[in-house]
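Below are structures written as structure tokens.
Common to both upcoming complexes is subunit A, partnered first by subunit B, then by subunit C.
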Partner chain A sequence: MTSAISIRRRQGTVPYVARRTFIHVGLIGAAFAMVYPLLWMTSTAFRPSEQALIEDSLWVPSPTLENFVGGWSAVGQHGFGVFFANSLIISILVIIGNLLSCSLAAYAFARLPFKGRKIWFALMIGTIMLPIHVLLIPQYLLFNSLGWVDTFLPLVVPKFLATEAFFVFLLVQFFRLIPHELTEAGRIDGCGHPRIFAQLILPLSVPALTTAAAFSFIWSWNDFLSPLIYLTSQDNYTVPIALSLFVDSTGTSNYGGLFAMSLLSLLPVIGFFLAFQKLLLDGISTTGIK
Partner chain B sequence: MRLPVAAASVGALALLAACSGGDDDAPSSDEVPSEGPIAITWYGSDARNAAVQEVIDNWSSENTDVDITSQPTTFDSYWDRVSVQAAADNIACVAAMQSRYQARYEERDSLLPLDGLIEDGTIDVSGIPEAVLESNRNDDGNLYVIPYGIWFEGATLNVPRMEEFGVTPPDADGSWTDYVDWAIEAQDSFPDDAWAIADRGDQITQFQAYAMGEGEDLYGDGEVGFSQETLTSWFELWTRAVDEGAAPPPEVNAEYAGVPTSQSLMAEGRIMVGSTGDNNISDIQIALDQNELGTISIVRSPTDGVPQVVGANGWSIAANCENVADSASFIDYFINTPENALILETQTGLPPVTSVLEGMQENPDVSQAIKDRITLYFDLLDQGATVDIWPDGTQTLVSQIATNYEEVAFGQTSPEDAAASFIEQANAALSGF
Partner chain C sequence: MIDTDRSSTGGTASGTGRTAGSSGGSSRRPARKPWTEAQRSTAAGYAFLTPWLVGFFGITLMPMLASLVLSFTNFSGSFRNVEWIGLENYRLMFTVDPAFWQSVRVTFAYVLISVPIMLVFALAIATLLNKGIAMLGLYRTIFYIPSLLGTSVAVAVLWRFVWGETGLLNGVLSVVGIAGRSWIGHPDTALFTIMVLNVWTFGAPMIIFLAGLRQVPADLYEAAALDGAGRWQRFLRITLPSISPVILFNGILSVIGGFQAFTQVYVVSGGDGGPAGSTLFYTLLLYQRAFGELRFGYASAMAWVLLLVIGAATAAVFASGRFWVFYGDEK
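Up next is the complex of A and B:
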């Protein structure tokens, strides 16, 4: 009897192991295919520029830092230090603006009863469907009349006015999950809406706020069109605009410098993700945004 | 008889008035604003931008009282930005234009007519060939754009490489049909991974050369200037070249689509006859030299003897500019200073002023490749080349013809249907939709 069971187990084990091995090999292969472009970009950044688009291999026989040195100062009079600083300033202000304004708007939609709330919420959600190209010229006319063109203001000020409907929606979803008993208890203790928002809702919403901050940072850091339109002086350019100057259809391009600076431009995004990884995943899983 | 004579006289006068330009809207230097900062915007890669910036810095050092802002960006991004700026009358004072794009801004009054500034000598255009300058003139009789760089596309030949395989080069004075006929005959002499001719079926500039050889042109009056039969025969010409094995198969073309010219099949020595812009020749030659794969030469586009067209990058002054005087001074400096040509090294195109070009030909520091391009450019002018100004809205047709041809090449549609589809798209673009 015992030997019969062990034989069945062995017979069952062999296909199980083979199946698991097959699945793992497949997954590793798929993962490698996904990561390969990033790895290739990394290795190309350390390759001599003239070999940039020739080599498919990830191995770099004689790595060099010349792309980093040359690329850092290849664009503009002040180099990439200024572009990274500009991107960082804009991204940080965008995060602050989005978190402040969107959380306030979300609190209103989630917790305050007011006339036409559902209609206003639907209208707010509807703005997500407006493509930027529709808004670009009216917004440009407005900001130009205010004298804001070639400053960071058109990229930052709207973020303080809860114009990112996606984040409002995301935070509304999260705020609705917070038990009403908590806020009722706060009201019994004499809290008004400002204290309930600041001392109850916000501390309980850190995962959702982190998610909003992460997306704000990534979108702002990678944004190309809006900075292109509003920032005209080289000294005000952001990293994506500066990177684009490496590749132009009308002339030769410094691909080595492009990949080196692209690699550097990824570091803040990766760093942000690593630093807030746990909160970010919590926020995504609890708001149903996947 | 009197009526035709009178009509002809009126027509001649109208033509004279149009050609002389300088209508009432074109202010002279006494009538333009001359206070405040100027912004200069143009397009290009990092290397080109650095060269233009050096010229700007040199002008700035001689005009220390003028506050200048540089606004370079890439070619594609540039037009996105300028189109939005134009909607708000906020274009930079000195704005680069290109012959394929400028019509939109001229016709929407975004640019200042420059005839007044030309007539009083603020901008000296006397050194620019008349054919180049006048073909740049808008239909309203005004000149809005002063060329600063000329470019043209031609056929490219790797003669030494052909001779390696014992093949006699094709006659460079014919048409694309002659080239394809030559390629089909010569292909047997080349190895399997090399082809006699590049597939040019997706290139609108070369189709234009073909159409001109057929007595037609790319654009007519508010609609395409060629027949469906001509475009169909163009597509058939290249499918024949591919089917006969004289041009690379579509999957190879797809693999090489979008790679830099320095890594194209021509640069790898695997194509004997192709076509490209004159400014790409140096990059291709550097790649060929690295592997000792021959020498590239450029000849005029195969128009079957009809004068070909050239393109021009140019400077304009925005209608909203508040310091026209200094903007005009900068343009005059940019195009007429011989030292600038040595700084720019033709990265923005061949200088428009004949004496500057002649100076480059005599300069031992200028490469032979550039001198050859200048010689060919002079030949093109002698043959009657003019600047080709594209109507507004037609810029997307560059990629549209590529899409239509790829469908033919991969057997998804017939040449007739692809030609009809392209003409429909082109006419829609020309009508403003």
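Up next is the complex of A and C:
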């Protein structure tokens, strides 16, 4: 905001500082209301189970880890250790798949003039808006006929085929901004496209690739519908599926454990976000990824 | 992968032992005309596009067409006794199945009410944050975090306890002397709690609004301020028209997302759209019909209706944009 306006503001009827303070108070109040449920979940996770849900304050007089111990082994034979491991394996494979396949496609769309590029690009963009429900049943039948149900393959293999069009779009936007002089110089030096891609484009695109990786992780970690459909045996469950099972099975007993495991399941997502905050927020600003 | 133009890369990593590795080497094959730049580019383009093309045809386009075909059949998982029943699934849906219309009502109510409220919140907070406020980064982070977690099962679990009989909200209400109830257990309010969950995730559109607000030329505000335009007038006459493309964009994304809400509903409603069908979202009914009752044909028809509705809603929002969206390059 330029100085002309702020000067006018200072001359307004309400003193500038008072107005600023008012805005801050409003924002802090709103922010607190937003995160209150999350804070409450946190304190409930550390609260002795007999007071689990009867307490609304955030203060925990005598914090305990009993909920984490109890919750960890509350679902299935092996407990949350297996679920976290499953979620982690799937997420890592999804990150690798998305980065590889989406960057290859994006290089073609952004840097290679070829016949039909515009049509393919339009089709790719079109798939962003496609509701997955239209693909759900035939994909299930396909993966079922391949014998992939109750394995991680249906959750992972599509990611190696650039099906997350949002990431292709994100990378296209980024690749386009890389100066052509640079790749031209590479070509004059005799580099082919594979080498320009791997040794020039990719290293220059680390921010965009990191954004895609972080969103891949978060979406995959949170994903519920696909694991719900494809994973049938408890040993293969991901954390979200295990949590939903926990809700159904606890009835009225182990709220503390449920909250403790819920809290644990959110930590990697929050951690990823905080680590790559700026990149993620910029990614949202430029492409509309949510 | 086709090793088109690695003429003199000297790369031994991927091309070893294969003749293709030296295809561009004109010295070894003098008879072959070297590729033109355009040909190389086309070959490389399709080579790089191969994974996407396989995915596009194999797990997007073909399944999409398969789903359309299935929607005209009574397919229930076995190909042995599958029959072509024409539009019967669609007829059942529109004229017989009361659950279908219930889910349509629930879903439309959810989208039409929660999306506009979410966007108003997003724009309001973005506007406040855009005033060169201190600690912008911290506010942005706090307001955005719910968006990040909104589709997680953990938050849906949390919601059950926030809005439950003995939950957080009633605890807070009892302090001010209001008798609570189970908001999630009551048909009149259960859907409302899921709408609040959606509004709670306004941080993502807020970030996009913030980016849009930054693009509004400051001299417009200065000129208006000199002309004596008040704060509110400046917002209505300058801010809103300037960011109208962003509003359109956010609107479309949120509507598309709203129609597909699933995880929150599944967990909050206990998987059955209860109480009394008040949270029977379209996607939930589709899931039940497909994977609960194995009525794949019927569910495919439902999926195609959803696709058409989302397409129509998107087109309608776009079309309405003619009257209220202003792009910088037009008068």
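In this text, the second predicted complex is superposed on the first by the 248 of 290 C-alpha atoms of A that agree within 3 Å, B and C clash if a C-alpha of one lies under 4 Å from a C-alpha of the other, contacts with A are read in each partner's own complex, and residues count from 1 in each chain.
Operating definition for what follows: a residue touches a chain if its C-beta (ideal position, glycine included) is under 8 Å from a C-beta of that chain, and two chains touch if they have at least 3 such contacts.
Being a predicted model, the structure only gives us computed values, none of them experimental.
Engineer: Putting subunit B and subunit C onto subunit A via the overlay, clash or fit?
Structural biologist: clash
Engineer: Figure out whether A:L141 sits in contact with subunit B (first) or subunit C (second), or with both, or with neither.
Structural biologist: After superposing on A, A:L141 lies in contact with both subunit B and subunit C.
Engineer: Go through the superposed model and pick first if A:S244 touches only subunit B, second if only subunit C, both, or neither.
Structural biologist: Both partners.
Engineer: Go through the superposed model and pick first if A:L39 touches only subunit B, second if only subunit C, both, or neither.
Structural biologist: It touches nothing on subunit B or subunit C.
Engineer: Determine, under the contact definition given at the top, whether A:N254 touches first (subunit B), second (subunit C), both, or neither.
Structural biologist: first
Engineer: Touching A:V149, do we find subunit B (first), subunit C (second), both, or neither?
Structural biologist: first
Engineer: Check the residue A:F273 against both partner chains and state whether it touches subunit B (first), subunit C (second), both, or neither.
Structural biologist: After superposition on chain A, A:F273 lies in contact with subunit C alone.
Engineer: Once chain A of both complexes is superposed, is A:L182 in touch with subunit B (first), subunit C (second), both, or neither?
Structural biologist: neither
Engineer: Could you tell me if A:A122 is touching subunit B, subunit C, both of them or neither one (first, second, both, neither)?
Structural biologist: A:A122: touches no partner chain.
Engineer: Please determine whether it is subunit B or subunit C that touches the greater number of subunit A residues.
Structural biologist: Tallying touched residues of subunit A, the top partner is C.
Engineer: Taking the superposition on A as described, I'd like to know which of subunit B and subunit C A:L225 touches: first, second, both or neither.
Structural biologist: Both partners, subunit B and subunit C.
Engineer: Which residues would you name on subunit A as touching subunit B in one complex and subunit C in the other?
Structural biologist: Residues 53-54, 136-137, 140-141, 225, 228-229, 241, 244, 246-248, 255, which sit in both footprints.
Engineer: Using the touch definition from the top, list the residues of subunit C that touch subunit A in their complex.
Structural biologist: Touching subunit A: residues 1, 3-9, 11, 14, 24, 38, 40-42, 44-56, 58-60, 62-64, 66-67, 70, 125, 128-129, 131-134, 139-149, 151-155, 157-162, 166-168, 171-172, 175, 200, 204-205, 207-208, 210-211, 218-219, 221-222, 225, 249-250, 253, 256-257, 259-260, 262-263, 266-267, 270-271, 283, 286-287, 290-291, 296, 299-300, 302-304, 306-307, 310-311, 314 of subunit C.
Engineer: Sort out for me which residues of subunit A touch subunit B in the complex.
Structural biologist: 53-54, 74-75, 77, 136-137, 140-141, 144, 149-150, 225, 228-229, 232-234, 241, 244-255, 257
Engineer: Quick one: in the complex, what on subunit A touches subunit C?
Structural biologist: 1-2, 4-6, 8, 20, 23-24, 26-27, 30-31, 34-38, 40-41, 53-56, 100-101, 104-105, 107-109, 112-115, 117, 120, 123-124, 127, 129-142, 158, 160-163, 168, 190-195, 197, 218, 222, 224-225, 228-229, 239-241, 243-244, 246-248, 255, 258-259, 262-263, 265-266, 269-270, 273-274, 277, 281, 284-286, 288, 290
Engineer: Which residues of subunit B touch subunit A in the complex?
Structural biologist: Contacts found on subunit B: 39, 41, 43-49, 53, 69-77, 80-81, 84-85, 87-88, 90, 92, 259-260, 262-263, 279, 283, 347.
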